[in-house]
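Both of the next two complexes hold chain A, though its partner changes from chain B to chain C.
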Partner chain A sequence: MSGGQVAALVRAELRLETRTGDVLRGVAPYAVAALVVLALSVDADTRLLRQIGLGAGGAVLLLFGAQSAARRGLLDTDAVRTLCAVSGVAPGTVLLARVVTTAAMLFALTAVVVPVTVVLFDLTPVGGWWLAATTVLALVGLATLTALAATLVAATSVRAVVAPLLVVPLSVPLLLAVIQIPATVTYGSTPLSWLLLAALVDLVLVTSAVTLAPWLEGVR
Partner chain B sequence: MRARTPVSAAEGIVLDERLELRADRLLAGGQAVLREVDVAAGCGEVIGVAGPNGAGKSTLLRALAGLPCGQEVSREVPRPVGRCGVALIGHDPALHPQLTLAENLDLAVALAAGTRGSVPDALRRVGLQAAAGRPAGACSAGMLRRAGLARAWACRPGLLLLDEPTAGLDGASRTLPADLARETARAGGIVFVATHERQAFEAVAHRWLQVAGGRVREERP
Partner chain C sequence: MTRYRSTDLVALALLGAGFVAILLAPTDGLQGVLQRLMYAHVPAAWLAYLAFALTLIASIGWLRTRHDRWDHLAVGAVEVGVFFTGLALVLGSVWGKPVWGVWWTWDARLVTTALLFLVYSGYLALRRGIDDPRVRADRAAVLGIVAFVQVPIVHFSVVWWRTLHQPPTVLRPGDPTMDHTMLAVLLLNVVAYSAVFVTLLRRRMDLARGERALEQGRLAPDAPVAGDAVVAPLPEGGERG
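On to the complex of A and B.
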């Protein structure tokens, strides 16, 4: 596996995303709109808004982040896949590039969703570094899962429907780990178990990705 | 057969090593296209591949490139050639339409193994320096063909596979594929050229393979 090849594929994929805006221009506005609708539907009850805020933000991020699995990017084109195969790029390198690209897009989507959620739901940061670390692990896990799902259903014509359906149920433990951190800290416990849950899910997903890469990223 | 050009020791390429491809069947779209394939080539050789449409020339090149073409395919590439990488310049230019020509070539060069050339120089070789910033999707078929050749020039492959490289090229560009084949062979690489325009490669090809009737045969002079 070559770091230079991963970097080149990620750079090209992100360059393409800045031109097409599939995720950030196509998905982010709808994620923000969903948050606005959710906040408006709870009346002016600030206490309730605070209670559901993190969960609502997490769910919106998960649902709209999973849409990136439906995106057809550089690595989904036959020309680039053939170029990779002929150039001797290892399947693991291609899958890693896909994971890194998806993670970058999810972090960008998070950067949009978090401030909107904080403002709309009147959230105050609770959990500090625990929350930040668990969120990062959850995003890495979600990116791996999204990349795996995107590759699994790449050849199907119903990709836009099937990929998010695969991602959402399997990412529930990651969402749960993030939204339980503030409550655990508020009640005076250490949220280590939630952090470890996110890390364990990541480990399972990364192991699956490494194992399945030769079958998933070969030339079809 | 013409004498092969000697290769400098500095490039680490040994002329005795040979590329070999053996297969009972080569498949395209699940159908057996070629049978009892046994092809070999030495470093520094340019081999022409001739045959009618649909005979299996492109399938042969795909198999030589190491792409899946069946189950029991044995392919051995000399290590120095393998280290320099493989380039398959086919009907599909392998360029992403929303990336510029320069960005496409940058990507190909970054993925390629071994020594690489400069992308601006490669684009200049094929007369596309002014179109470097143009998206591949906005280029004509002939420009994409030339960009494909520029990709090979930039990647400096050890094994170069050209599939109908003169198709779609204008008069001024028709000598480019032969020039590329000659330079690659001179650097110790192996070149296969599948073409209907034999005369464009007569001066550069050391020998010809004839693909017809599901078989690959060495053409006797």
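On to the complex of A and C.
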């Protein structure tokens, strides 16, 4: 696995994203619209809004983040995949490039969703570094899962439907880990177990991705 | 015309025997006749576990050997497993309304089972979207391996979290915590449902073999067909057109 190859592939993918804006100009506005509709649906009950805010924000991030698996990137084109294969780029390198690209897009989407959620649902940050660390781990896990799903549905006719169907159910432990942190801190417990849950899910996903990459990329 | 195997008739007979045993089983003191749903709900859930374990084995078998039979087993097991998972969810919901007062509640066992159902539905949807048989089998096998992580989570969810759903009564260390007559009826139904499971799985594998043969014919339309090399004799002094 070569760091230079990963960096080159990620750069090319992100350059394509800045041109097409599939995630930031396509998915992000819908995510914001979904948050507005969710906030509207519970009327002007601020107490209830505060109660459901973190969960609603997490769910929107998960659902719309999963959409990035359905995005048609550079690594989804037959020409680039063939070029990678004949140039000797290892399958693990291609998959890692997908993970890093997806993680970058998810962090950007998070940067849009979090402030909007805080404003609309009147949230006060609880959990501090625990919440931040678990969120980062959850985003890495979600990026790995999304990259795996994107590879599974690459060049298929059902990518837009099937990719989120694969990502959302398997990412529920990550969502749970994040939204349980404030409640655990509020009741005076240490949220270490939730942080470890996110780390464990990441470990399982990364191990699966590295082990199964050759079959996913059709090299074996 | 449909051909019936002896195993089909055995499965049908066992299912009938299981149904009679359910009617004859003692009535639960607290839940009354509703408890009888358990004799179908529990075998359905166990067979779903078995189906997804078979999918895991078949997926590893496919990636290692690339023999079609592993892929046929995987797709058959997932379809039957999704059916039994759905059956367990529906029966549980029908039981839950009168006993818990709701069709659905945010209980760890219920939620993880619903997620299991969704993931393997995604497996089936993924297969339908890929035309190339080898790519389809490869990607489905990868998903078949990754998705299995959910099965132990579903089983141990009642141990790891405080849930409304009761903890394991049979698949646990020590003596089962249920009346032994009820246990006998449950085990008879497990055998009956397992026979149905085997029948459905074999039928689905036969179907997968047929689909594969059809695909091979469709993907190689220009390949020479049997008898292609034989040409009709020319008439005296005639020319081939």
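What we mean here is this: the second predicted complex is superposed on the first by the 216 of 220 C-alpha atoms of A that agree within 3 Å, B and C clash if a C-alpha of one lies under 4 Å from a C-alpha of the other, contacts with A are read in each partner's own complex, and residues count from 1 in each chain.
Convention: a contact is a pair of C-beta atoms (placed from the backbone, for glycine too) under 8 Å apart; a residue touches a chain by one contact, two chains touch by 3 or more.
Small disclaimer: the values here were computed from a predicted structure and weren't measured.
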item	value
First (chain B), second (chain C), both or neither touched by A:T77	first
Which superposed partner A:V42 touches (first chain B, second chain C, both, neither)	neither
A:L14 touches, of chain B and chain C: first, second, both or neither?	neither
First, second, both or neither for A:A133, with chain B first and chain C second	neither
First (chain B), second (chain C), both or neither touched by A:V206	neither
Residues of chain A contacting chain B in one complex and chain C in the other	218
Chain A residues touching chain B - in the complex, by the definition given at the top	4-5, 7-9, 12, 15-16, 19-20, 74, 77-80, 82-89, 218-219
Contact footprint of chain C on chain A as seen in their complex	148, 151-153, 156-159, 161-162, 165-166, 168-170, 172, 204, 208, 212, 215-216, 218, 220
Contact set on chain B toward chain A in their complex	65-68, 82, 85-88, 92-96, 98-99, 103, 106-108, 110-113, 155
In the complex with chain A, residue positions of chain C that touch it	63, 111, 115-116, 118-119, 121-122, 125-126, 128-130, 135, 138-139, 141-143, 145-147, 149-150
